[in-house]
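What follows is a set of structures to go through.
Next come two complexes built around subunit A: one with subunit B, the other with subunit C.
Here is the complex of A and B:
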């Protein structure tokens, strides 16, 4: 039998053959992150929800009206991570923090890069620390972390 | 025949007549889910004095994310036997919510007996990675906050608002572990002093290791019976006189984490405060969550909390909440209590809560 001279191959890529849209509200939030800006949205009674949602988390009513918030804010809760897990956003000791940004009525979760637990307290002022503009792509990591305001 | 107590929910009275659970362990390496579940199902049928043929509806709670395969709950049906087929349903939730579905199904009136079970092998995967997936997919899940860190954020609010201290958390853990000494099915059964527990380093501050639930494999099952037929099967059925579940926003930053409004609403709907509560089984996986829940449930100080040891002593995911209902019901089945409360939680930091009031006739 003759040796085969040509082997036919076909690429097979395992994938989910669909894409999803982040929608007008989350999409606006992510686009704003790319631009180095934090936004919220107005809910029932004019409260400002950050990160923005398409509905008010308390009344379920539709939200409308994008509002710029931050970049500074107040820590409403924090938890010190001495040994970060491989999947954590920072690989050196950091705090998880709930940060109520200036102009917002709700808090958002992110890492707080503060050096040591002694530097962190409930009520402290923090501000956004961004990735360089050319590295921002429109996701939550464009906001690298929050940092103590005086360190900025 | 005994009188069936009046119920707040449902026009057709439903009772727990039997409860069974596996020994909860760190890693059940000798059996798969079906093998872990099978003796539990057989035991609950034996306790109720029924067979699969008597059952009109089967409902289970589990999550494919632990096993890492789709429709794994279908395989679990092998523990019961698939022929002849039975009307069956599944919730991708704790078995407590499967019990809720079965309670609703029994209201239809065409069947009298339902089997409910929940099972979970936490040992198969990385819980921190798995449970990050239940968070907002754009603003939270990519950050991968782990279970302990989220609970620590909540614990900080509890401390800051003066609801409990780190010593209070240790006291909850010490009591839970001590209670578990009399529960052969529990995993963490120890007599620790609060002083020794407070000497532990932080896992994620302000939580120390003792504030965390054990990582557990286990299963539990309950048989529900509607109407007078319950008295044919057992002497003291545990009648469900109130059951309700409520959910809050998934945005944890939009909640006051030291208050559980969903638990309070469910407790009100279930009628917790409309009578004395002999004991309560509260599903608080973290020691820092117990005070939030006992406050929201409105439990009097005389109520015995978690005589089983609760989730701090054994935390088999997807059956831990169902086990709370089972343990509470067992106290009535045994004649140890007249009116009890069971609670189950789901979602990040107590997002969703179910409250069940059970009463003896």
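Here is the complex of A and C:
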């Protein structure tokens, strides 16, 4: 056996600067976020899908009719993040939450900035907390996070 | 207004593009075997490891023989010379390219090794590169030696007669 050798380590970064076309429907959702507005779209039977999709995920039929929803909603499920990762939207503990916005038939995933897991429960009322208008660019994080409604 | 479109009063108009950068941060740990190989580069030396069962010499070695599943303990210093088993002439510019095109990337089987690895060929016209060509490693200046393949400046033809096809046919 050869003599012990120092084991080398090296940081490696793999990064791709992707840019993608949004299409008209996701583009509308992002445009509305920039305006500080949440929208959905009508699917089969008039259900409101948020975020909007080009096709109804249940029937595959084309969707039609933009609908404004929220800004309040109800938490339908959540998971607490005690140690946020660098790429997470908040750098202090938060919850990933599924939020069914008022007027919507589906729930959307976003960060819930609630301080502690004791402050979060399924069924709680939350509302949108926006970035300042001048910082919004048409990205999901224009919606900074959801926050408990009573705190707003 | 189309039924599928939200209309904004924002002078920037509708959002049509979304930047979605993807980034993965790794901490690569070389392990004992590869670290010995990397340490060799700092001495301007190729270090392989020999399998005690099949006798094959791996460079760079990952510490075990993939055929026999045994640990490799015997270190084998290798010469600077080898044979081009196959190659590719790069003619396409791409982001981050540091070498002037056209240039040659070749799989090189070092003398005494049973595993080829990729190396840059220079001092060779792209018309002249071929399978079986004998090449040698040119190392960077001693002060610039580092524990990585960056210590190998490039490979260049030795001018020797080509290696016999049978000597490298297993390594294509």
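Everything that follows uses one rule, which is that the second predicted complex is superposed on the first by the 132 of 152 C-alpha atoms of A that agree within 3 Å, B and C clash if a C-alpha of one lies under 4 Å from a C-alpha of the other, contacts with A are read in each partner's own complex, and residues count from 1 in each chain.
Operating definition for what follows: a residue touches a chain if its C-beta (ideal position, glycine included) is under 8 Å from a C-beta of that chain, and two chains touch if they have at least 3 such contacts.
Bear in mind the structure is a predicted one, so any value in this text is a computation, not a measurement.
When the two structures are aligned on the shared chain, A:29 is found in touch with subunit B and with subunit C.
In the superposed pair of complexes, A:64 makes contact with subunit C only, with no contact to subunit B. With both structures placed on the common chain, the touch criterion links A:87 to subunit B and to subunit C. Legend: residue contacts after superposition of the two complexes on their common chain; A:141 is shown touching subunit B, with no touch to subunit C. Once chain A of one complex is fitted onto chain A of the other, the partner contacts of A:8 are limited to subunit C, with no touch recorded for subunit B. In the superposed pair of complexes, A:39 makes contact with subunit C only, with no contact to subunit B.
Contact with subunit B, but none with subunit C, is seen for A:96 once the two complexes are overlaid on the shared chain. In the superposition on chain A, A:106 contacts subunit B only, with no contact to subunit C. For the contact definition in use here, the residues of subunit A common to its subunit B contact set and its subunit C contact set are 22, 26, 29-30, 87, 139. Subunit A contributes residues 1-2, 4-22, 24-32, 34-35, 37, 39, 41, 54, 63-66, 86-87, 138-139 to its touches with subunit C in the complex. Partner subunit B is touched in their complex by these residues of subunit A: 22, 26, 29-30, 49-51, 53, 57-58, 76-82, 85, 87-89, 96, 98-100, 106-111, 117, 122, 139-141.
Within the complex, the subunit B residues that touch subunit A are 128-129, 132, 136, 138-140, 142-146, 149-150, 152-157, 160, 202, 204-207, 248-249, 251-254, 257. Partner subunit A is touched in their complex by these residues of subunit C: 2-6, 8-10, 12, 14-32, 34-36, 38-39, 73, 75, 147.
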